[in-house]
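Below you'll find the structures, each written out as structure tokens.
Both of the next two complexes hold subunit A, though its partner changes from subunit B to subunit C.
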Partner chain A sequence: MTDPAPTPANAPVVPAKGRAHSLLGEPKVWFCAMGLTLGLLMVIGLLSLIIVEGVSVFWPRQVLELDVKDASGKIQTVAGEIRKEQAKRDVSPDATIHHEWLFFTGNKDVTGSAFRFVDAQAIADQRMPKDIIVAERMEYGDSIFYPVSLKLADGTEIAASEGSFLAKLRAKIAEGNARRDQIHTIEADQIGEINDRVRKLEIERRKAITDDDTKLLAELDAARADVQKEYETLAAKAGELRKQMSADVLNYRLADGTARQQAVGDLLRVEHPNAMSWWEKFGVFLHNGWDFLTGAPREANTEGGIFPAIFGTFVMTLLMSVIVTPLGVIAAIYLREYARQGLLVQMVRISVNNLAGVPSIVFGVFGLGFFVYSVGGSLDRWFFSDVLPTPTFGTGGILWASLTLALLALPVVIVATEEALVAVPRGVREAAMACGASKWQSIQRIVLPSALPGILTGVVLAMARGAGEVAPLMLVGVVKLAPSLPLDFTAPFIHAERKFMHLGFHIYDLGFQSPDSEAAKPMVFATTLLLILLVVAMNVAAISLRNHLRKKYAVSTF
Partner chain B sequence: MKLNRMLSRIINQTVTNSRRSALAVTALAAVAIAGNANSAPVEVDAAIPEYKTVSGVGGNLNSIGSDTLNNLMTLWAESFKAAYPNVNIQIEGKGSATAPPALIEGTAQLGPMSRSMKQEEIDAFEKKFGYKPTEIKVSIDALAVFAHKDNPIKGLTMQQVDSIFSSTRKSGGQDIASWDQLGLSDWAGRSISLYGRNSASGTYGFFKEHAMAKGDFKATVKEQPGSSAVVQGVSSDIYGIGYSGIGYATAGVRAVPLGTEAGSFAEATYENCLDGSYPMARFLFIYINKKPGAAVDPLTAEFVRFVLSKAGQQIVIKDGYFPVPAEIANEALEQLK
Partner chain C sequence: MPSALSEPPSSTADGHVAANPRMIEVDHFSFFYGEKKALFDICMDIPEREITALIGPSGCGKSTLLRNLNRLNDLIDGVSHEGDIRLDGTSLYDPAVEVISLRKRVGMVFQKYNPFPKSIYENVVFSLRVAGRNKRSELDEVAERTLRSAALWDEVKDRLHTSAYGLSGGQQQRLCIARAIANRPQILLMDEPCAALDPIATLKIEELMLQLKREFTIVIVTHNMQQARRCSDRTGFMYMGKLVEYAETMEMFQKPKDKQTERYISGKFS
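The block that comes next holds the complex of A and B.
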């Protein structure tokens, strides 16, 4: 990079002073190199910012305990993690600049806010206590505290000073986590299946009432009662498990001395961040990262994982590619191979190119008006009239979102396919024709395979565009919370009418709509990192597929 | 108690739907005068019942509407889903103005709104269905005026708020463009930087109606896509001021006490909302489509019952808003029948 323009060996002797550089073109080469460097720097800078901020979210931080003097001179003890250090803004004319910390104190259930600012000058003393615990909870976010004792369901109480305390607490938490999974299985799978049956019975019942079939009606009522009994057994079982969740109680005190209690079943994990070795921290880091990838969001998306969003993005992009590829390829084949090249085709081509420049939100509006309201509304009236006014397809859903994005990505695929078709050498076609192949046979067996790598390039670009698009999705089916996935194990397995979560929208939602913008900031970076990784992974998969095909049909010049 | 109930009933009977929001504060005040004000810390009214799950509830529940209520709806949905595992809840929150069309088109069963419906919106609904939408008060919000946490301002009168945000100044004040006009002598020449919401927002509508007497916003107001964005803007701009629901407060901002006249400022607390001394208290609503004389579909009804139960109102406090008094909850439950 320091010497971007090496002089070629046979370079002419410099003709005249002053014009030398411009004649050799050196400044222009320099200019190009600068452009590349600038571009690279921006990409690297952006990526490293996202990676550093996104990855550090999961690394356990040190907990500081501070004695802070308040305005009246009283000392107050707070414990927490430093999240940001900044110069305190003071605009009065004689102000001196000093620093303040954004301090994560947790314990939102006690103080109402998990963050506070601490003026660095007001700190009287600071320490790093080894025995302070950071606990992840189901509700109200993290808690930072000193343990006092663990009161078990059978009445025994283990003091925090006992050696077995932490092991016992961890064992109880593991028990609770297992129980939570068990409750989830009962409630989501077994009760879910029962509810499904109830709904079907209900629809049949309604039909029986309109048909005035008293015999069927009685049968249905009996079936309903059976199902109800089954439900009650399961619900009682789940209720029993839920009760067990609050049987063990942890007593603890906060840094300022407030005594609190917490059911062990509400705890997800406890750590001693100040007493951990690097490897232990690394273990926690991996664990946190894994939870983030595979967990469901909690607490209005500010806690927990983002699995539904990852899955939603993935399914939507896949569905979109499946829709857009045949459509785009067929259109391009007709345009390039069959249509008479004239004014009309030229105009169609110009329109397609212009379509690529239409703002994505316009596609969103079109999708809402056409797919959701017209097509979806009609589908509901024809096939799902028994559940109206509750809409089935007449509201945004993953199918409509995929179709809208497919329209959006269509020009990309058409243009790329056309280019790929043009690039197939004329000789190859003529050879096929000479062998007696019909036009379609030569397209199908000779031209298309050799154009395939180029077509796939278009699909890759379309996928990348689709996965990163947010604005149109907001109109046609992306929502803040949709814990039920568009693909699952209850019939009919693919739920094309369901709304879904999307990583891009999740970033927007966390950044601009979350209840505590401070708490959400790290999640924004982590989610951004993930979205980029997902797009890269899908592109790499498509590119390797393309390379594989290119080797197979080496004749292509694309 | 009896007096209490009568008062709120009388108020609700006399106030027509369209004018209800204008008198929301009065209704609140009446409840409080009748002796029901809670003292800090905020607690759910003891008369509000626990929620009991019923069987056979399942299906899709769609909610489209307010951004102010977005997180609250999500939190409710999370807990509701724990009670009814097979309920599939989907929540969208892009602004109160998106709720009426969604209810009319039938794309959602729940329409959370941070202002009451306008007459045109009710008319459009009535034209389609032949009856009015049902309004359910689910929470109380103190629409707060936020300033940067290091801003020393003691309080603002409503007229000052109008003069800061409005270009038409219907309350009759002089234009206020810099902080020294508000008595911060150290901040001479520092102009006020304004943050607000976009026009789809119910918060925007409520603020326009109640703080600016339906006047126009200044062109310099930076319109943000969400309440959280307003708070973020103010917390990173020491000369900033903006408005949003109290539930969005963070460590970086402070809610400026407000008052109708200089010297008598009220903090944005629950008691001040109930007794009416905080001038910008409002109800948050969920609108549903209920045919008169017919029962609401069980899923929607159970969700509303859950929201108005002890657990539901506890979640309101968790999100930073204020719970509704038992009278209002009971009255709303009455509407479901």
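The block that comes next holds the complex of A and C.
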């Protein structure tokens, strides 16, 4: 061994200044940083757009009253909220640029559309009247008006100028809301339960007819009559309540002077947006947000809340994770630990990876053909033949949707699990074997616990993938409006065959299938925000579980 | 008599009373990783309740030989062997020998300490648990006895149920030794057990080995010539897959018969 040639004393230790940066790879560092920055900017931009648009939906806006000159020079008064300002290029030869406002005027029952464009140049005057009211209604969306008087059922009339007017109106609205809940209980729960009984009686009756059992038939008819009577009492009660809903009437006047009437029972809430302080607005904001989270949708989903969709997404994602995790982990264990590593296993592995690239709609088609028609159809023939031709499992439902998505997310779990298994140090496995453990014992007791954090990472990714997927669901069980939740208090409590609502589909439905897309746009953002929050919440839960486990089995690093 | 392997180790009195000079017989043993021959016709008898050291430069096959004594090399794909290794007169490769019960008789400690991601207690009783022995009182008794004989009891008795990763390197290696001897094997294989430890922890392990020698037959692979000299009763020098010289340690270090051995132990090549 010879010493390396001695360095000349005057040799530069540091490269010359100009070259130093490129030698050290400085430009490449900057290049990489730029890539990350670009990605981050896009993500932050998207998220902040969704957050700003999604949250501002619930904030009460100022109402403007405008005097607008129309083409003939006549002044027309409109009241509403500015939703958008945009530039409009004139078609005239000089092509001047005008500003116009997208103006939310509400009162769809009067004007036919809740929105109109207002030319900024045509506005003669604008003001913010303090006493104008924005009311949320059961039908036709919001209304913006000046109250005139409240005519009660007993004939008394309270003018809007009286001090007690607003308090009285709100009390009546609260009464109406309570009554609406009552009607809902009667119609959805009690009458729903009666319908269930009728259906069962009907099935028994059909059987009795085929068996020619006249005694049973008579009994069933008697039972049927009882149920019918019960139904009629309930229906009468509901009808009575319904009539009360239209007993009190609110007289009001629109900004252009038209006088109108409205049953108080159809009002949900009234606010004075121009007279509210910041705190009052904040209260309304919280109230709106809460209603959105917990309420059921109304008016073709463009109004009301999205609770059924949140619940449906949550239950489906959970069910999917519960199905996909054991399946993926078992498959990965066999593939990595037991299968003889060779060409065949390599091909299986490549195929699994490529499965992740199959368009999700294809999984939907497969789910429809295999789960819904084949498996579900067979289940119907074997166990639910008495209600055929009405399908029970032979139609889309939350179970089939979860299974389809589980299949879709399977590659993610398999790949993650395999990598987690590979990362378990060889020494630990050998030590387990050297202690006299069989292969399965060492996998079960040592390898799997060590790999668990990595496996959970895969589950987190699979959950995110599943929760955001829409296309396959449209084929296997998601609906625009589900009459009931997949979990409730009627036996057997879990209704895996029921159709369900899903946030992702809700977004598609609101944005592209809605009769009034402009009115639905804020809801699209709010729903998107919620879907993201739901996925984040579920991921945080899984990640904290993973961190807990990682602390417990601190061996592999993920 | 193939049934001999499943019998429990005879626990006679202390000392070398029942010592068997041919506890392990390596008989013209050659070993292949695929096409590559790693061991060439090794013959050596390892006596009971002594420490036998294997020395030699890296890649000479000493770890391979060690890992064949509990058939851990079987886990690697494409390995094959010629010749035979006998334990108490029974071939390891006898079809009637179950690898798992063999490994229960031959404990092993590895170069890099590798406790399981479990509590200290669970690490020690692991070999009992996989053998299906789950009685709490028995496990408690074994854990204490084993940790005492691994000279670890006083250091960990108050935190038996905390993670094994909280221990220092030397403690973790002693825990691995405890784990290896918990189910009372006859033979303890040690693959450079002190390579990842500092001198003080190394000294502790060496003291421990000298104590364990009374109960177990120890085969140790080491790079540290001083360690082999200090601890072992017999030493084998391996080079390029061959056992060059195998003799009593004192004899080997004082007057080696082979030129290569002499050069190696005097530090002329490595």
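Operating definition for what follows: the second predicted complex is superposed on the first by the 536 of 558 C-alpha atoms of A that agree within 3 Å, B and C clash if a C-alpha of one lies under 4 Å from a C-alpha of the other, contacts with A are read in each partner's own complex, and residues count from 1 in each chain.
By our rule, a residue touches a chain if its C-beta (ideal position, glycine included) is under 8 Å from a C-beta of that chain, and two chains touch if they have at least 3 such contacts.
Keep in mind it's a predicted model, so treat the numbers as computed, not measured.
**Student:** Per the contact definition in the header, classify A:432: touching subunit B only (first), subunit C only (second), both, or neither.
**Tutor:** Touch status of A:432: second partner only.
**Student:** Please indicate which partner A:472 is in contact with in the superposed arrangement: first for subunit B, second for subunit C, both, or neither.
**Tutor:** neither
**Student:** Which partner, once the models are overlaid, touches more of subunit A's residues, subunit C or subunit B?
**Tutor:** More residues of subunit A are touched by B.
**Student:** Touch test for A:450: subunit B only (first), subunit C only (second), both, or neither?
**Tutor:** Only subunit C is touched by A:450; subunit B is not.
**Student:** Which holds for A:341: it touches subunit B only (first), subunit C only (second), both, or neither?
**Tutor:** A:341 sits against subunit C, while subunit B stays out of touch.
**Student:** Which partner chains sit in contact with A:308 here, subunit B, subunit C, both or neither? Use first/second/both/neither.
**Tutor:** After superposition on chain A, A:308 lies in contact with neither partner.
**Student:** Regarding the shared-chain residue A:116, is it in contact with subunit B (first), subunit C (second), both, or neither?
**Tutor:** Only subunit B is touched by A:116; subunit C is not.
**Student:** Under the stated touch criterion, which partner chain does A:54 make contact with: subunit B (first), subunit C (second), both, or neither?
**Tutor:** neither
**Student:** Please name which positions on subunit C make contact with subunit A in the complex.
**Tutor:** Listed in rising order, the residues are 70, 72, 75, 77, 100-101, 103-104, 106-108, 110, 112, 114, 116-118, 126-127, 129-131, 163, 165, 176, 179-180, 183.
**Student:** What part of subunit B is in contact with subunit A in the complex they form?
**Tutor:** Against subunit A, the touching part of subunit B is residues 53, 55-60, 62, 67, 70-71, 74-75, 77-78, 81-82, 85-86, 88-94, 105-109, 148-150, 186-187, 190, 224-229, 231-232, 235, 238-239, 247-252, 289, 297, 318-320.
**Student:** Inside the complex, what are the residues of subunit A that reach subunit C?
**Tutor:** Spelled out, the residues of subunit A in touch with subunit C are 340-341, 425, 427-428, 430-438, 441-442, 445-446, 449-450, 552-555.
**Student:** Would you tell me which residues of subunit A are touching subunit B in their complex?
**Tutor:** It comes out as residues 88-93, 102, 109, 112-113, 115-117, 139-140, 184, 187-188, 191-192, 194-196, 198-199, 228, 231-232, 235, 298-301, 372-373, 377, 387-392, 394-396, 474, 479-484, 498-499, 511-518, 520.
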